[in-house]
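First chain written, first letter: the chains are A, B, C, D, E and F, and each begins at residue 1.
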């Protein structure tokens, strides 16, 4: 099983969610994140003092998925999250060694 | 370097202006003959308190609106109101008051002889009531001039350039607000002489702002992603805070419009509170029936709708009349707001639905409910004077035409020169960062 | 479809009610004979300002309470207060004022001859002071009727059904508040004639609300997870904001209760401020001694405790007396709040400890500290009149019995019919989403 | 156990004090002879409302400051203001008022004969105006005494021990505020007799606080990480809310300083509003020119700068003069704030730049712009009286010396005994947790 | 070494923390998250416009644990987090290749 | 490729960011977190009731990095994040099986 972790722009969340539902992915965990990368940050000025803010708001999605569905999920996210501008984000894939559904105690692929 | 030079120039001009400013006021500000003064301390206290209360309404409006936008626009939205307060406070003193209340040119507009409050002093004046200082009356009126353009900002929230907004406010309050205030409230204004009833500004303030809002929403176009991405109110606590301070301040707006402290002020106080509460109930119960849940935002919005509707009529109706005016306002405005997504424009915070329609209903309701038992100065349809309704329609019509037309011209002018709207990427970033380089919360 | 029909029906009924509403007010609202009027502009200004200040207290209470609940209940809690403002504003105009202040039926309750403010007009009245319009006095009293039920809501925060709450408010303000107000403040009320001293509502407002809160906390039962899961105040900024606006508004409550503007109002103003500050110090220093740290929530709570305690006594004591009344109130209420977890009920926001006990202490303190030097109308124990303490106990006792009993009946009735409490899953989800389908913050 | 004993002792002492408190006020608080009273209801209403408005300013200041600090210090900062309100409200009643306004000892300080408001009653007094109760005048003055030390707190935000702060407030308001208030406002005070013009407290309140702030910033030292780690304002909404309530309340501060309700109050009302708006514009436009963007924090700060600058001069200038005073204040204070990082001390929230410099400019501006047309009591440089500027400088100088010196001594004394500053780890944890064991937000 | 990542309900946090302390787990990192899954979301209505909110507030816990303790940790979480209702959440297990304690520089199992 | 996940103190964020930039790391994702560990929490008192708060605010950084750069990144973080006091935090290292840059579709090492 794989864990897909995607860092995307706020504005693309809706599109990504729809794309995932379209390929029957019904489990996602989301966290608010901030990203630092090629994308230029902005300046904030308070009472004459300037602050460079390089961390920009992003959304981090985590989707556990069986190996065979991985590429489908990656494609869906990449297409839906893409605007073509710098800062669109990254997708990271990890190996999961186990999954448990807390409610039922199911383990492994069944639990996803 | 260039900026430093700009600032020095600014400082220099200011210093240069000092002498001029100070000498250009030949009026006697002090009470020349206090012995014969008719100034009444109670009336003056009431009017000054009322002016302070109305002042508070403008930042309150900033919070009412600010809570409804997305987090990234909270400061930009609050600033819209705060900035109106700053700008119009100065332009009103310079020329606005003179245009609106100064010696009338054929009932159309005041002349500029009161520029810089020249001649507007501590003694009483023919305007308002002889028992209050002219300056007190002026400052009370100023607060109305301040809040009216701020009301419009809800229509173009989350997308207007700040520089464009600055120019807009100045032009609009000069060319739209001042003339209409002149027509309705100056004793020589043509609508005043026609007999239109507007106790505290239903047409001048709310209908006027509502129409300008409609035009602005159309000219500026929809927000990016409107009806596609969720645009949830980001902090309803702010909105309720704003609505509560508006309710509080509105006693100054309406009961203060009696200018004197006594029975009429008390009546307007009671009808204001009653209509507001009834409208909040009307809106929330309509929601309850329609959607299954009354919302807090709905109750707050309904209260504002009631405040708007009772404004023109506060000093003319009975408390029972106020229940009717308010409850109907709540239901009408709720319905209007529900229809908004079906209309082709993005009046982001429902200025048309709440202030436009609420103000219109209030103006007409005055023609219907005005009761000679409450105030001998007004008699409406229900008391046998159907003609009053027609006059009220005329006043609304005149406001509609002038406000609609001139607002359109002003906006088009600005768009053609400096541009009205922020760029797409600025809109996405939010007004706080793109227009002010600040963020609202660093929680 | 069904909902649309409901809304149309609503609209129709409203329109139908219009004519009735407008004609049902045969009273002369206008000043028939202004020439002989005794209305004083200063007194009226003060009373209207005071009414506006007290109005602000109700939403302020919403923020005071709203900051103390968990985030998921912030809007539901703020709404409790806002909704009380909307509902009671209307019922008071319809029947509440008539029941409380209308012509007395044997000192027990007013009759309904002032229904819809029939006969309550711009002229002065035998109530309050002859120098203020009857409508001004009515609106001042209205604000008290509005806030009292709102105070109770702290006891059942985070768990009451909104429909049940709506019914509760209407019944409670009619069957509990109006009679007790009649007894104490109507010149023919039986407690009034007994000689009970209550300057601004210690028994009628605070003790009354405190007892109802106790009953409500017991009848509704504890919050799910009470004392097991942490229930931290989610936004103490809101709480301090609320406390600050309460302090500000309370000058209207207490100093406004002089009805006229002059020395007595000034005295009540000073004692109110002094007792409030002393109580905040009392609470915070008690905390400091007891827990090692003074808290901001403690100072704010102490201020409210002081405001409560000084309410019945504001116009009867000296400033030095106010320090004593306040400081003791701070320490008493702090102690009570500390004991709360040991008691068997969940008075979530300490209405019993702060308003109940504070109100009780204030009522008794009036019997002790009332000084003829401050106000010839009152003489307490310390000035040789031990009997006053007994009368104060009687007034408290009567309030306790009536408020306790009738509150219990009302709550049981509602529970048996539509149910008082939200379901477990709704409670877990929070009132904001389950009762209003909104969230307080989308930061 | 020890703590329980402490609390019992506290309770006991309080009870013991009760009798003393109540009997120690032999003054006749009640109107002995209302028939001959000169108390005017309108003037009194205005003064009481003004006092209430000024009261609101202190918590408003808490929010103004609280929004500018980091999240972990929000409650500690709000508490600074709230606590000043609680402490000084009590000490002022006990001894502060007597020191400042009581019978003068050689124009230097009042004696203690009005301790506990002994003799300060409902009748009118030689202070202020004969038309208002002495208690009303006292309470109005109290609010000034309350806010002045609170202003200083911006200079040592985010790092002072709460116990040290408590001691500081009491000593400072006794040994710095009371004497200076005596000099300037007591009719026998030496600066008063010299002819210094200070309408509503430019020197007594703002310059005084500004100098104390400078000393405090230097004595306490910089915050850990100052100019190294970002210290962004955590909630600018709070700051704008505070600024708005300050603006609202300042009408009480300035227009209330007319003491009576009439033309002079109206003039001060207008100049206050005008200068405030002009200063906000001045600051924001300076930013716009200098940094390319006007900020919301800048507009709010500019408004406060304008309010400060117009304070001493509100009742002496024309509205056109107010535009000049305000606009210049905005630009001056903006410049000062921009220089701050280059100075060697950490005046965290710019008290020196805004209140110190703004107050100084206002005092001098009074000497320049005071117009006999506005108020016959003042004539400045522009109207031919250059000498007034010199007197104004003298008043500023005296304030500077006394406030600077005594503040320094007080702070050093506290530092040597209980210590002024929190430990490094407490500073890192934040004042909310380290001083009060609370957190501001559990969102 | 394993990283246990559990997505649980807010209301179960206290119980889970106690359960972990009971088995001598003294290191946890927590983040606020939002989850989308089988559990029904809710509707929010603002001025007549309805929004379907499918992401519900969850707590994400991360616990690094030596391999031999893994099952004990999983059991503790599952028991404590379970309410039996839909939405109880999931536990994901990953392999960690290294751990460092910043303060001391210890690495590997010692550092957990 | 490795994912470095560091839990650090708020006050060290600036230093860590600078240290990372100094070794040419230009991609970081940050989330607000709360940590529970050896570090003593604090007490909060509300109206007389005391609450033990054991979870303290931390910052979680995630940095994807090629294997060869791993030790450099770890050293940079550890040095910059260290104050020497309890609660300095932990660094966890995981294996990433794949990375995608959303904007360009690049995969693997190129995408980091």
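As a convention for this text, a contact is a pair of C-beta atoms (placed from the backbone, for glycine too) under 8 Å apart; a residue touches a chain by one contact, two chains touch by 3 or more.
Because the structure is predicted, anything quoted here is derived from the model rather than measured.
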Smallest number of contact steps required from chain B to reach chain F: 2
Graph separation of chain A and chain D (steps between touching chains): 1
Identified repeat of the A-D interface (over half of residue pairs identical), from D-F, C-E or B-E: B-E
Between the pairs D-F and B-E, the one where more C-beta pairs touch: B-E
For chain A paired with chain E, centre-to-centre distance based on mean C-alpha positions, whole Å: 18
Interchain centroid distance [CA atoms averaged], chain A/chain B, Å: 45
Intercentroid distance (Cα basis), chain F paired with chain C, Å: 51
Inter-chain centre distance, chain B versus chain D - centres from mean C-alpha coordinates, in Å: 32
Numbers and ranges of chain D residues touching at least 2 other chains: 40-43, 45-46, 49, 230, 232-233, 235, 241, 261, 291, 293, 295, 297, 437-439, 441, 443
Residues within chain E bordering two or more other chains: 31-32, 44-46, 94-95
All pairs of touching chains, each written as two labels joined by a dash: A-B, A-D, A-E, A-F, B-C, B-D, B-E, C-D, C-E, C-F, D-F, E-F
In the complex, chain D residues that touch chain C: 3-4, 6-7, 10-11, 14-15, 17-19, 21-31, 37, 39-46, 48-49, 51-52, 55-56, 59-60, 62-63, 66, 74-76, 78-79, 82-83, 85-87, 89-90, 93-94, 116-117, 121-123, 132-136, 138-139, 142, 162, 235, 238, 241, 261, 432, 435-443
Contact footprint of chain D on chain A as seen in their complex: 44-51
Complex interface listing, chain E residues touching chain A: 2, 6-8, 31-38, 54-55, 58, 60, 74, 77-78, 81-95
Chain B - residues contacting chain A, complex: 225, 228-230, 428-429, 433, 437-439
For the chain B and chain E complex, residues of the former touching the latter: 230, 232-233, 287, 291, 293, 295, 297-298, 301, 334, 337-338, 340-341, 350
